[in-house]
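Two complexes follow with chain A in common, the first pairing it with chain B and the second with chain C.
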Partner chain A sequence: MANITLNGRPIETPDGTLLIDVAKTAGIEIPHYCYHPALGNPGNCRMCLVEVVGFPKLQPACRLKAADGMVVSTESPAVLAAQAGELELHLVNHPLDCPVCDQAGECGLQDYYMEVGRYKSSVSEDKRHFDKRKPVGPHIMLDQERCIACTRCIRFLGQVTKTAELGMFGRGCSERIDLAPGKVLDNPYSGNLADVCPVGALTDRDFRHQVRVWYLDETPSVCPGCSRGCSIDIHSSTKRPWHNEGRRVARLKPRFNPAVNGWWMCDEGRYSYKTLDQDRLGKVLRLKPERAELSWDAAFTELAGRAGELLEDKGASGLVVVASGALSNEDWRAFKKLFVDSWKVVQFVFDPAPEQTGAQDPLLRRKEKVPNLKGGEALGFGTQVKSAPWETLECSIEAGRIWGLYVVDRDLTRVWGAKTAELLSRLDLVVFQGPFKGGTGDLAHYRLPATATAEEEGSFTNFEGRLQGYARALAPVGCALPDWRIFEGLLARHRARRREG
Partner chain B sequence: MTKIITKHFDEPRLHELETYRKLGGYVALKKALSMKPAEIADEVKKSNLRGLGGAGFYAAVKWGTLPPLDKVPGPRYVVGNCDESEPGCFRDRVHVERAPHQVLEGLLIVSYAVGAGEAFIFIRGEYGRQHRVLRAAVEEARAAGLIGDKILGSPFSCNIMLMRGAGTYISGLDTALLESMEGKKSWPRQPPPFPTNFGLMGFPTVVHNVATLAMVPHIVANGGEWFAKIGTPKCGGTMLYSVSGHVEKPGVYELPMGATLRALLDAAGGVRKGRRLKAVIPGGTSTPPLGPEHLDLPLDFETVRAQGSGLGAGGVIVLDETADMVEVCRDIIGFLTHESCGQCTPCREGSAWTKRILERMLSGRGLPGDPANLERIAGNVTGKTICALGDTVGIVLKAYLTKFREEFRRLASPAGKQAQVCRDAVSKGATI
Partner chain C sequence: MPPQCSPPRGGGSRHGGLATREACGRVTVRPVERPERDLAVQVYLLEVLTGLGVTFRHFFLNLGRHAAKLLGVDGEPGSVTIQYPEDPPALGSRARTRHRILRRPDGAPRCAACLLCETVCPARCIRITAEESPEALIEKRARTFEIDLGLCVFCGYCVEACPVDAIRMDANDLDLPAFDRKDMIWDLRRLMEET
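Entry: the complex of A and B
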């Protein structure tokens, strides 16, 4: 341990901790651009200069390690003058186009100007000019004029994705970030560049000009895109529907979680919000035999009655429940209570293959594109209760051994294709429950709207067994309910029917 | 005058091994190989040999910072720095062209002294002819068994490799040079660690200017005390100067450490056309200028530093009374702007901004606040950058602003504008 004095306060810190981290732990943020805990400390922005007794010059706090007896000041007149001076140099060639810049409101230049700058400009020369809007990849727009050359993006692409699409070209004041020859910034983690860029040089093309950041609400959540379960923040804009093309979620941002995703998230997860408002279910419907909109109460009564009759007549072995790892832990529990304990269903399908699987890589992405298979496993789904293969289910339907199907948030048309309609028409009861209609929504007898992850609170257990809770960011669409409340409603009505019968 | 490394420069075929050997070349190498490495280091320590590339660091002290061989056994390297790019410096060019074997001999002895089996010479990319000469010398020496395995029958083996720069000034800085050698963009590293601990490919590396290396054979041959006696108490031996600017005989001159500025000017034939001396840049453009009052200053690292300047790499530029110091300042800042590597912000932005201000002033659009603003920016750059190039921007600006304040002030006012317009017109041939 090293005992140092920081702004007159004695602080004990492990040997070798960078001064910038020591200060952060002590609640003092030293201005910085190039330093990023995950991307190293080249010390090129010179914003974090601090005064250390015994050193003739100011020292970059991101390079100097704490040593016993060090006396450090982050607020001496020399430090404050240096911070303002370095900031001024960062801004000499910066276009100051904040009114049209998406970074405005969360920009390092703006923040530090208000904190340590507040000087009067003495620039009377022209600014240099580079490319102002260069789409470098499907998700990222590069503005070379706004760049402060901190090289965070280059280091991210060199150290994290190891794809090296961006490089520093030119020298001195004509230096600029650009695409390496023949490359496109299309790696599966490219969206993170908009996060690591401390200024508006790399902006998210999907978020560009959609909504100002100060209109956004932030809700901590968990990405439901795969079984990694990255910690995220949902940035939503619900009070101004004329912004963001009417979409309720403006963007997803990774939330730092050293145990799961570090600082990052993948593009698949990041841009999944764009489909959140599409193809949504908001009404409780009976589609067959005659179409009618029902209240939840009526639907529960009717469905519990119909299912109850069939269960009594034809037996539980004729009912198959198709579910997915998209269910939260709370959903899985109610799911088990209804289908296993009460209805005594024996056949389930919850294997994510084929339509809920995809690319996997060592960084974050997992093969199973659903967040909570582990939560189901904890209740025996996958261990005691095995998932039936799709082929068996198909054969059983064709052979007439099955009378009913309860589908929870799975799209059967993506498994069976065009023959789905014909297969489902052979059944006496098909219930579809989920947030999105998909191809199966129209083929069911009953269609029950469920909430999406962003519209409910709950918890997921990721593939490593880590339990993470998420909060509700949005109101449900129409009268959609969380899956567990639908299961509970059916269960209550089922029990009441049995008591009465 | 005592000459050490330029002694035989007038010999027409000195670049050939035969001539070099006839004049006593590679005898010191043979002697060195019969000594223990520590004995060589001892002689160099006694000699007070300073790094002649600019920093003036004691060579023996630099070797002393190497980790002991038994603790860090891996490879270690010696690099001869011939990336001479500072305006006003051209002595290394003349040196490697005339006496390449002297550099190679020095490099081999230093490699032996520090235990390096691999040595390099990094030569400025623009020095094509010098590179060819050096390459021919390396091949000749290799054929004669002076480079390679078991040199001169001793157990010491050392290979020498030449590398050419890609055309940046900053590669002359040791850590940037190492980055360039590793095939990267030559951005200076931020010490610590220093190259003697973490150098080429992360192994201990000694980087010396080629002139420093060339002194070593003479120290080995004649002893450290002989060398120390030639110079001043703190700087042993001689200094190699490139003298240019407003003098009658520009060229490379070798004078003992401590020789006065006047002696150097006399050697170079005095100020051009008998004009009055205005300023002398003593160590290449990145050192602040000295004035006529410094003519009797004995030149060594300490005395020049005490005057707020530096001996640098001995690139002496003489300016007579006709020089416009704002233009000189603009040219130097312009050079530094062009050569700023762009890694850290104060240097990248500060150099370019001040250059634009100076250009605006010289084009007759000066503002009253310009000198003060320049001084303020200089303060925000000096001492806040990763390497010394950034410091230079601020130091040079401040020095010119302080010493020639009146010239700057004249351009920073409406009257200055008129004066400048008249001067431009006159220089374009107008008659008043």
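Entry: the complex of A and C
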């Protein structure tokens, strides 16, 4: 352990910790651009200079390791003067287009300028001119003029994705970030560049000009895109619906979680928010035999009655429940109570269908594109209860061994294609429950609106068995309920029906 | 410690009482004594005559002052009626009137769609949506820009906030009423063209 004195406070810290980290732990933010805990410390921005007794000059806090007896000051006049001077140099060529820059409001230059800036610049020369709008990939826009050459992006692409699409070109005043010859910034983690860039040089093309950051609300959540379950923040804009083209979620950002995703998230997850407001179900509907809009109460009574009759007449072996790992732990529990314990259903399909599997890589992405298969496994789905394969399900329907299907947020048309309608028309009862319109929902007898992950509280268990809770970011659409409340509602009505005989 | 439900001390007990009621879910009652209403008050005629007295006092006072002015006698000026709208009042040079959006030399609106005016607006009467500009040297422009003059409080903060001097409140136009609330919402074209 090293005992150091930081701004007059005695602090004990492990040997070899960088001073900038020591200060952060002690609650002191030392201004910095190039240093990023995950991307190393080249020490090229010179913003983190601190005064250490015994050193003839100011020292960069991101390069200097704490040693016993060090006396460090982060707020001495010399330090503040140095930081103001560095900031002035960073701004020599930085265009002051904050009004049209998407980074404005969360920009390192703005923040430190307000804190330690010199306010009056002594530079009178013209600013250099480069490419202001260069789409370097499907998700990222490069503005070479705004760049302060901290090289965080180059280090991210070199160390994390190891794809090296961006490089530093030119020397001195003509130094600029650019695409490496023949490359396109299209790796599956490119969206993180907008997060690591401390200024507005790399911005998100999807977020570009949609909404100013100060209108956004932040809610901690978990990405439901795959079984990794990255910690994310949902940035939503709901108070001014004319912004962001009417979408409620403006962007998703990774939330630092060293145990799961570190600082990053993949592009698949990051841009999955766009479909959230499209084709949503908000009404409880009976589609067949005659179409009617129902209240939840009426729907539960009717559905529990109809399912109860069929269960008594034809037996529980003819009912198949199709679910997926998109259910939260709370949903899985209510799911088990209703279908296994009460209705005694024996056939389940919950393995990821082909459309729910995808690319996997050692960094973050997982093959199964559903968040919570493990949560089902904890309740026996996958161990005691095996998932039936799709092929046998199709055969069973054709052979008439099945009278009903309860589909929870799965689209059968993506498995069976055009013959889905014909297959489902042979059944006595098809119930669809899920957040989105289309596909199976239109062919069902009952269509029950459920909430999306962002609209409910709950928890997921990721593929490593790590339990993570998520908060509600948005109000449900229409009268949608979380899945577990629908299961509980049906269960209550089923029990009441039994009691009445 | 039990929740405090006594009305707060000092003035504003009415609002304070409401707040207390909301906070505790209990109603506090404070009896207020009503004044005695004698016959003179109930007949009301006395008050009518007093009011007419005020009217006539001002009438004859003004008559005298205007007559004195005609005769060339200096004194207090008489009251004047402005014949609005036929005869609009002269506005001071710093008067804040209806907004207008200024143009660039090429005729396009100067607005860069930074949304600072929308952000600073205390009445929330400005609605802007932004888009990418097709021009090489301009990044962002307003796709729609609306000011709901029915909501505007004419504070002038939007003019102060604008970094590109795109919005001003110097149209010297006070003739804003419309027959429909929708017509009180001015869009970019109207704000640029009608001056």
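A few comments on the model shown:
Going forward, the second predicted complex is superposed on the first by the 499 of 501 C-alpha atoms of A that agree within 3 Å, B and C clash if a C-alpha of one lies under 4 Å from a C-alpha of the other, contacts with A are read in each partner's own complex, and residues count from 1 in each chain.
Note that in this section a residue touches a chain if its C-beta (ideal position, glycine included) is under 8 Å from a C-beta of that chain, and two chains touch if they have at least 3 such contacts.
In this text the structure is predicted, and so the values were computed from the model without any measurement.
With the C-alpha superposition on chain A as described, chain C and chain B fit side by side in the combined arrangement. Judged by the touch definition given at the top, the superposed model places A:D351 against neither chain B nor chain C. After overlaying the two complexes on the shared chain, residue contacts for A:I148 are found with chain B alone; chain C is out of touch. Applying the stated contact rule after C-alpha superposition, one finds that A:H243 touches chain C and leaves chain B untouched. Once both structures are fitted onto chain A, a short way to say it is that chain B and chain C open up an angle of 100° at chain A, using Cα centres and rounding to the nearest 10. The wider contact with chain A, measured as residues touched, comes from B rather than the other of chain B and chain C.
Looking at the shared chain after the overlay, A:E51 reaches neither chain B nor chain C. Once the two complexes are laid over each other on the shared chain, residue contacts for A:R212 go to chain C alone; chain B is not touched.
With chain A used as the common frame, chain B approaches chain C to a shortest CA-CA distance of 24 Å.
Applying the stated touch rule to the two superposed structures, the chain B and chain C interfaces on chain A have no residue in common. Residues of chain C touching chain A in their complex: 112-116, 118-119, 127, 129-132, 139-140, 144, 163-164. In the complex of the two chains, the chain A residues touching chain B come out as 42-46, 49, 57-58, 60, 63, 82, 85-86, 88-90, 92-93, 122-126, 128, 148-149, 168, 170-175. Listed in rising order, the residues of chain A touching chain C in the complex are 97-100, 132-133, 208-210, 212, 214-215, 240, 242-243, 245. The part of chain B that touches chain A in the complex is made up of residues 168, 185, 190, 337-346, 348-353, 356-357, 360, 367, 369, 373, 376-377, 379-381, 383-386.
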